[in-house]
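Quick heads-up: structures coming right below.
Each of the next two complexes has subunit A plus one other chain: subunit B in the first, subunit C in the second.
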Partner chain A sequence: MRVLSIALNTFRENIREKLLYNLLIFALLMIGSSVLLTRLTVGEWDRLIINLGLSSMNLFGVLIAIFVGISLVSKEIDKKTIYTILSKPVPRYEFLLGKYLGLMLTLLVNTAVMVVGLIAVMIYLDAPVTLLLFEAVGFIFLELVVITAVGLLFSTFTSTTLSAIFTLAIYVVGHLSTDLKQFGAQMDGLGKAVLNTIYYILPNLERFNLKGQVIHKVNVVGTDVLLTTAYGLAYAGLLLALASIIFQRRDFQ
Partner chain B sequence: MSTTETILQTEGLTKTFKVGFWGRHVTVLEGLNLNVQRGEVFGFLGPNGAGKTTTIKILMGLIYPTGGRATVLGRPVGDSRAKDRVGFLPESPYFYDYLTAVEFLRFYGHLFSLRGAALENRVTELLDLVGMSHASNMQLRKFSKGMLQRVGIAQALINDPELIVLDEPMSGLDPVGRKEIRDLILRLKERGKTIFFSSHILHDAELLCDRVAIILKGRMVACGHVSELVGQGATQSVEMVVEGLSSEGLEHLQPLTEKLLIKGNQVLIVLRNQQQVGNALEIVRVAKGSVVSVTPQKGSLEELFIREVKGTQSSLREGQ
Partner chain C sequence: MLLGLAAAVFLATILSLQIELDQRHDEQADRIESLRLLPRGELLRPALIGFHHLGADLIWLKIVQVLGEPVVTDQDYEWLYHALDVVTTLDPQYSYAYDVGGTILAELANRVDWSNQLLEKGVKANPAAWRLPFVLGFNYFFHLSDYVKAGEYMGQAAKIPGRPLYVDTLAARLYVEGGSPLLALQYLEVMIQQAEDPQLRVIYEEKYKEVVISRDLGTMDQALARYKQTRGRNPQTLADLVKEGYLAAVPEEPFGGEYRMNSETREIESSTHRERLRLHRPD
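Presenting the complex of A and B:
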């Protein structure tokens, strides 16, 4: 229950943040702009809508996850509100989990608003709305589950600026990790070992990208959905556990 | 206090921090021994940077000591069973300013698993206690510093704690605000609460505290009842203002005084001790002067404090 109270308070804090609305409006504008772009496209315009829509959802979700996520803890420390919470019978990991779930709730609402926007555009343009589209959105959210955990982990031991840089870097490299492995395969010795290690340690974010499948109408196998979901949740869980261990040992000076 | 029960205790509490790029060790607290009894108002005094906030953060489980031990309500710091019975207000916090006073207190109530009517009653009661009922549905961003400090104290009281720890509760407040906080502390004492607060405003501590501890550079330099500490060192001088004194009279008075200030027709005389008062009055009477006032100067906590600070500084210099 304490976790829930902290999560709801975080959610309330987020939805009163201006940054969130700016990003959300921008995302909706981008999704909406596909209405105009289809006029300039010859054929295959439903691909354009889906591509633009899912990309906007991904990009803006990640931006919110990173920029709100990294300040979740540091803001509480700066404002000294964390002292009033941790001096109460609230274990530190519960605080961290509450902050995390609060932001996830914000991102869920945010993603839902963007989905509604995208579907509205698709219905307006007579593009077919498929189940696969919802699977893709679900996977985008799963990626946010992982990215937010990455941001939170960094923010437990480093400054907000560094956390932002590191998390962005992991987001970018996480999408390129398959390339890294292939690149490593062409090398030998140390280079191969290093690239392989990076491949296995960093999250493989391309697994959460179903844009291609939606566009080319390739169905995703049920076991793949389950495995990827399990992968995302386990990865985020591990990061949160690590963040809790670091947070537990920390001095709040 | 009929029975004494230790509510808060530290033994040889030590904290060193690593600072800078090379991780140089800086000792912030060194072997601090504190002992706070149930029902007392205990002032924890010292200049800025003396280690007051560090001590309080250790007691609240926010930082870990490097050495020594600390117990709160008989349990090691950080124990959630002790935290259940403690209230804490950090130094100048910036609370969740998007919440109203009621939402704010409800949130903290939830952290103690308070719910429903019990929570609502508690919130109303606390807003009333700190005199904030009129602003219960106002967002905290519109609050003045004094108002924030008062809801901050209400937040610390949400679990009806036995021990209340306040870090610099009076700092940044105007005289009216300070008086309100002082009255609030006394009201809590009447209710049988133990209050431990840090301050560098000595006047407040003198008015409120049963006992005080003074720390400097992480070490305790004095601890005891205010009256004892003040009585210990300060010389009990007497100030006397006399009018129409002849120059002959002035000459006679000279040997008795520590200081003599002539201001127009009046003379301000500072006598070394109370025993001189009789002699001085006799001289004034003979010299046909009239006495305007006689004021014994009590030593204050401030004098003691400044003396201790100077003493520590000079001993440190000698040490170097």
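Presenting the complex of A and C:
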């Protein structure tokens, strides 16, 4: 209950952010621009709409997750409102969880707005809307679930600027982690062990990328969807647990 | 007031500089250059952190813009092969890019070798796309006159579900007839019917007419041979062949010219296309 009220409060706070609207409008503009671009291309024009739409959704979702996520805690500290909350009988992990869920709610609403935008464009241009598209959107949201947790973890112990840089770095590396494993396979002994360890610790964000499957109409096996969802949620759970441990030990002066 | 004036002056300067700078460059050459200098697909893909499908789309869009211009000044087309290679490395399942790219490389750029390379890469990555072995078969049939290979690729296309029925017919006839003009005409009819791009359709229609000439010359050559055999001399004109019952009629030349007897070589030729099509020379 306390988590929920913190979450709703965070959501209310988020939707007052100007940054959010800027990014959202930009994303919608990019989705809309595919109306113009499809006129310029030759053949398979619907893949351009889907690619542009899903990519904008993904990119701007991640930007919102990072830049709003990293300021969740630091803002409370800057405004000193954190003292009033933590002096109440609210465990710190509940405070963190509430903040996190609040932002996830914001992102959910955001993604929904972008999906509506994309589908409107697709209907306008007579492109077929498939179930696979929604699976891909679901996975994009799952990526946001993980990225927001990464941002939150960093923001519990560093400044906002550093958190933003670290989270962006994790985002980039997370998409390249399969390459790490490949490099490891070509090495032997220690190098392989190190690279493999890094590979298994880092989030493999490429798993959440279904854009190719949507445009090529390759169905994803049901168990894969379930396992990947479980992977994403477990990863976010781990990050939130770590964030709570660090936050619990932090001393606010 | 003064600041506003300064801002206006700056704006005017920026605009005029922008226009001036644009004019100093050949836009098409710049676009081709940017495609030529694209990093290899294997390097570009990781740099796009999960957005490689969009990357493939945007590069494809750029290629289409250059090819859509009335004249492509750069005739070496190496940039085209490279850019298509990058697109298909970023998205190996983009079968349309192999299909149209391969066709353009063979028909516009006259680089059948590159076209085949690209299409073979596509066949490997997309075993379910019947158009790719189909176009490869066309290349071997038409440009390389290799009817055995053409038949093999056509047979491969004829095994893929979702193909139109004529693929099977063409495959069967390729094995039997090799380089017959009638078969070539049937093949070209399919290509014309399937071409979405008007530029390509024109190219195929030209080819179609050339094969019609070759078919007509074949028929008239046969009549001429029979004439020589029975009469022991050459006829004066083509009309003699018709008059004396060796030929039903002199066919209409598809480019609007006429068929005639060359007075020196005593061979039948078309007034618009003196050279006979390579495809139907006896090998």
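One rule holds in what follows: the second predicted complex is superposed on the first by the 253 of 253 C-alpha atoms of A that agree within 3 Å, B and C clash if a C-alpha of one lies under 4 Å from a C-alpha of the other, contacts with A are read in each partner's own complex, and residues count from 1 in each chain.
Note that in this section contacts are C-beta pairs under 8 Å (C-beta built on N, C-alpha and C of every residue); 3 or more make two chains touch, one makes a residue touch a chain.
Not measured: the values here are computed from a predicted model.
When both complexes are superposed on subunit A, subunit B and subunit C sit side by side without a clash.
Legend: residue contacts after superposition of the two complexes on their common chain; A:E13 is shown touching subunit B, with no touch to subunit C.
Shared-chain residue A:P91: touches subunit B; no touch with subunit C. Touch criterion met: A:D251 reaches subunit B, while subunit C stays clear of it. Residue contacts after overlaying the shared chain place A:H216 against subunit C, while subunit B stays out of touching range. By the touch criterion defined above, A:L37 reaches subunit C but does not reach subunit B. Vertex at the C-alpha centre of subunit A, arms toward the centres of subunit B and subunit C: the angle is 150 degrees, rounded to a multiple of 10. Contact with subunit C, but none with subunit B, is seen for A:E206 once the two complexes are overlaid on the shared chain. After overlaying the two complexes on the shared chain, residue contacts for A:K80 are found with subunit B alone; subunit C is out of touch.
In this overlay, which is a superposition and not a single complex, subunit B and subunit C have their closest Cα atoms 33 Å apart. In the superposition on chain A, no residue of subunit A contacts both subunit B and subunit C.
Taken in their complex, subunit A has these residues touching subunit C: 37, 40-44, 47-48, 51-52, 55, 58-59, 171-172, 175-176, 179, 205-206, 209, 211-212, 215-216, 218.
Residues 46, 49-51, 53-54, 57, 60-61, 64-65, 68, 91, 93-94, 96, 100, 196-197 of subunit C are the ones that touch subunit A when the two sit in their complex. Within the complex, the subunit A residues that touch subunit B are 1-2, 5-6, 9, 12-13, 16, 78-81, 83-91, 249, 251-253. Interface residues of subunit B, counted against subunit A in their complex, comprise 17, 57, 60-64, 80-81, 83-84, 86, 88-96, 98-99, 107-108, 110-113, 152, 155-156, 159, 165.
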